[in-house]
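Shared chain: subunit A. Partners: subunit B in the first complex, subunit C in the second.
What follows is the complex of A and B.
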């Protein structure tokens, strides 16, 4: 296809190089041989040099005439449409080469991408199931998804996001089964986003939330291709931003966040018991701090007398009331968790060792916390990590403190009151029109049945 | 955007300040180490007419490590005209809040039984922090002697009296367990009489023995039941499944250990016949001990002997109850429940009960001689 710009092509080249001038990596290269003339304009650092050599420069010198070269270049699949000067400028920054030949301008996509290595799963590892997650390049990621979902009805729409950095966003869905309302809502929300810079898929998730302050995630972030494919097959919409190595899925309800992909790979009873374990972990990490405060300060008669006596014995000398003790220990535990996420890998060991010492014996020996408190903090910390999706475990970490406050003010009755409140909050929420706490599960087969051919 | 955040800042500050108030812990919030737990309550009668009640509290003092030093106990005693005022005064004797949440055994001294039990019980029923599932018992000679006994087998953190009555520790057919709510029901209800286990302690206070019980028929003298009778009571009130029967027939003496037992009774009043209480007991068990060789072929015969023996014992026990006008099994309640109710129903029963005959049929089946031949 021949693209003609209304202006003189030579002027366009001049304008383009003017715009990009101060950069050191701008290359403006005229090619001459006998009667053949061409000009290349590109930014060196984003263009794949060897490919340029192979695709453009070598054929230029091998082919006989100008016409041949132009016809050859026009037939390359890398060629892009030219709509305006500004578009050419933008494409050049992404890694396109402008070629001027026979007074025609051609735009070739010869990108160099260094972020296309497929990474190991690091956020949601599973024992069985695929071990590779996504890369940080959109083309590679789309490739990974398409390779796992061979259906002609898989649609990938793209749009640009971010007023300044113009990132490519892919909206992926299966046309046959997608929930139409959800798709429309997603598109509407995406159009409404006005933000100068967007960096990651997770950021997108916050931007698409209607409420300014929210706690529970209503879209699911995942790095696992098998999860993406499973959700696509059951009619969800996946969003993929260039540069991000995770996908977000909409809609997502509470129980989605409690499933691990291993649930599909294990045998029936194993899966069921793992699920039971996971939900009891959720319940434990939500309520244990509150139960401790309630049992030590309000309702010691609820549990056995031996327990009451041993709590009382281990609290001897603890100077502050129980909820401050709990708060203090939980805070140290949270700090430890945060520190081990943010710290460079080389220093993490130190942090955990020092923290472990504080949490372990020193706090009890200094009579800052009781022995039983230490056990509870440890149980809470461990059971938080049982929740498979990170965002949910962050949310649960916050909810825990709300319940602790309720228990500190009203004992066991307060704790139950708080739990009911949280249930009510969850039930009134919705994710893209789906009730957030919907309990009527479908069987695994029924979820993906619609696409059986 | 910036403005919005500023506007929400002020309420947030206010909330923070309000929340900081909870660091000033108030009076409702009492940590567990500021409480002292009452494990058992004893009530004795004093001879002083103006201050008839003597209340004894057994308190557990927790120590740093339960495993090494164990729990120490301390006692508070006070004489007063009412239980509530005694407890109010006792509060000033310790530096901690007295917590009745774990007071699970209430011991009445023998002397107090002559007093009106409703009045004694009233306090325990009204206090919301005393659990209704506390066990009630009678202490001989006094409640104080029982509470202050520290049996050698008592381990750190576990109170011996609790273990005697809940079915987690010792399980015996000689122990009657009566909950506070049940005791109250039996005291207030006509047609069923309260029965309480009898706890006695040895002189050196190193042993507590519970194997008999006392019947408190309303407005009558307390009737003491022997260990054997207590066992029979437990059997026919379906309290226990496991018990033993000793059968003596000629020279043969053997003991049957019963694994499961079930009792039903029916009150039959037919105008033409004498009123009769028909009681069916079924038991299953094996032979535990014998002084002669037991022939597995003759199990049926042994079973028959056992049934006969049990029938005889139960009938004697029921007759004794009848003679004393006591009714711990609730025959009266059953009568009222199964007859057309008029205002005279209970009076009818009162008249009827002394004339009742007992038709006890025991079906004991011995499953094995207990030895593999």
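What follows is the complex of A and C.
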């Protein structure tokens, strides 16, 4: 297909090189042989040199005439449509080559991408299941998803995001099963985004949130292709940004965040027990600090006498009320968690060892915290890590302090109120029109297809 | 029927313990409690059936929508106001009773207004939610509580402290003329279905209540009615139960879990019923708020694009609750509850009249 621009092609080339002039890596190369003439214009740092040599330069010298070369170039699958000068300029910055031959302009996509190595799963590891996650290149990622989901109804729409850096964003869904109104909403929200620079898929998540202040995640970030495919097949929409190593899925409800992909691969009872374990972990890490405060300061009579006495006994010498003790220990624990995330890998070990030692023994020996408190803090910390999706575990960490505050103000009754309060907060939330916290008893279709209640 | 309908019915069944129903029944144990219970069981089921059938005719519409369509405003306004008032008081009774319970058993150091305010704080958030979210909340809390309540009931029936002789003694008083208060108190158990006056808005799909549903409600209602009345008598004794203010609390304190972290069932029971009675108030007041919103709405009362009318009602709710909770004594509370339950039963005559009228007008 020939793309004729209204202006003189020579002028366009001139304009393009003018625009890109000061850069050292701009290459403007005329090719001449006998009667054959062509010009190449490209930015050499983003273009794959060997491919250019193979695809364009070598055939130029091998083929007999101008016409042959042009016909050959036009038949290459790398060829792109030309719509305007500005588009050509933008494509050149992404790695396209402009070829002038026989007064015609051609645009060839000969990108060099160095971010297309597929990485190991690091955020959501599983025992069984695929071990590779995504890369940071959109073409490779789409390839990874397509290779796992062979269906003609899989639609991949692209759009550009970010007023300055113009990143490519892919909206991926299965046309047959996708929830139509969710798709509408996603597209509408994406169109409304006005931001100069966007770097990662996760950033989108925040931009697409209607509420300015939110606690719980309403879209799920994942790096696992099997999770993406599983969710696509059940009708969700996946968003993938070029340069991002993760996909976000919408809509996402509370229980999605408590599912690990291993649940699909284990046997029935193993999976059920693991799920039970996970939810008890969630419950424990939410309530334990509160229960400790309530049981020591408000209602020691609730527990059986032996337990109440041993708690009181271990608190002998602790010089402040229980809620300060809990808050103090929890804060140290959070600091430790935070430190081990941010530190370079080499130092993490030291931090945890030092922190563990201090938290473990020294604090009790100095009577700054009771022994039972240490056990509770440890249990809380461990059970927070049981939550499979990171964002949810961060949110739960915050919720824990809210519950602690209620328990400190109202004892066990306050704790129960707090739990109901959190529950109400969750039930009134929505993720793209889907209720966020709802029991799903019937088949998924019956519950999600707007046939409410 | 949708499962959410049953939750509405169940909450009333379970929460009756906190609404002084057992106390009223037990005070009539020597003059006709049992016959009243049997009568109320059937009449309650009939009421439940009628209200559900009525609302099945109008899927997706609550009472306010129906009155607006089929009744003149001067009729619908006072009727809806009256119903809203009844529902508010029903919630208030549970709220006040449970505040007393908390004060007495769980947090004796906290001042009463403080306890009630905590309740009200969370209720305010709850009743302002969408009706849909209220149902989801109910579902989850019930899901957590029902198994434990079932275990406690089982424990109560199997404990050696339960003397069947007392129960037999209570059954011997069957030949008595039924008492109206006892009748209305035990009917209250089965009145949960009436919350459809608002929640029917959500049941958009056409549905029909069938005999299986009714049998289920009947079995559950019968079981909870029998348990409510006989278990406290069996454990505390036919004579001495008369002197107990909170029959079920004392009953649960007679139970021990020897091999559990919490030994006294009382505390588990209190925390469970804290959740359940919260739900009960939540449902009742949500209905009240929605009813009030449908008849009184100030368009001008806006602040930052938000209409403040609901907050006006909530301010009223707070004020009345805090006044009442400091004013009432436990004895008065039970007396007034008795009056209220009697009145509630009578007011259903008006309600059924309304249903009949709407049905005629709508010609369905």
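Here is the rule we use: the second predicted complex is superposed on the first by the 440 of 453 C-alpha atoms of A that agree within 3 Å, B and C clash if a C-alpha of one lies under 4 Å from a C-alpha of the other, contacts with A are read in each partner's own complex, and residues count from 1 in each chain.
Note that contacts are C-beta pairs under 8 Å (C-beta built on N, C-alpha and C of every residue); 3 or more make two chains touch, one makes a residue touch a chain.
Remember, it's a predicted structure, so these values are computed and weren't measured experimentally.
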**Request:** Determine, under the contact definition given at the top, whether A:324 touches first (subunit B), second (subunit C), both, or neither.
**Result:** first
**Message:** One more residue to check, A:298. First (subunit B), second (subunit C), both or neither?
**Reply:** both
**Prompt:** Of the partners subunit B and subunit C, which touch A:314 in the superposed model: first, second, both, neither?
**Reply:** first
**Prompt:** Looking at the overlay, does A:244 come into contact with subunit B only (first), subunit C only (second), both, or neither?
**Reply:** neither
**Prompt:** Touching A:388, do we find subunit B (first), subunit C (second), both, or neither?
**Reply:** neither
**Message:** On the A-aligned overlay, A:290 touches which partner chain: subunit B = first, subunit C = second, or both, or neither?
**Reply:** neither
**Message:** On the A-aligned overlay, A:266 touches which partner chain: subunit B = first, subunit C = second, or both, or neither?
**Reply:** neither
**Message:** For A:414 in the superposed arrangement: first (subunit B), second (subunit C), both or neither?
**Reply:** second
**Complete:** In subunit A, both subunit B and subunit C touch residues 298-299, 301, 305, 409
**Message:** Using the touch definition from the top, list the residues of subunit B that touch subunit A in their complex.
**Reply:** 19, 22-23, 25, 28-33, 35, 37, 39, 60, 62-66, 71, 99, 101-102, 104, 129, 131, 157-159, 162
**Asked** Mind pulling up the subunit C residues that touch subunit A in the complex?
**Response** 2-4, 102, 106-107, 110, 115, 118-119, 121-122, 125-126, 129-130, 132-137, 139-141, 143, 202-205, 260-264, 267, 271, 274-275, 278
**Fill in**
So, in the complex, the side of subunit A touching subunit C is made of residues 298-299, 301-305, 307, 409-414, 416-417, 420-421, 423-425, 427-428, 435, 437-439, 441, 451-453
**Asked** In the complex formed with subunit B, which residues of subunit A make contact?
**Response** 295-301, 305-306, 308-316, 318, 321-324, 405, 408-409
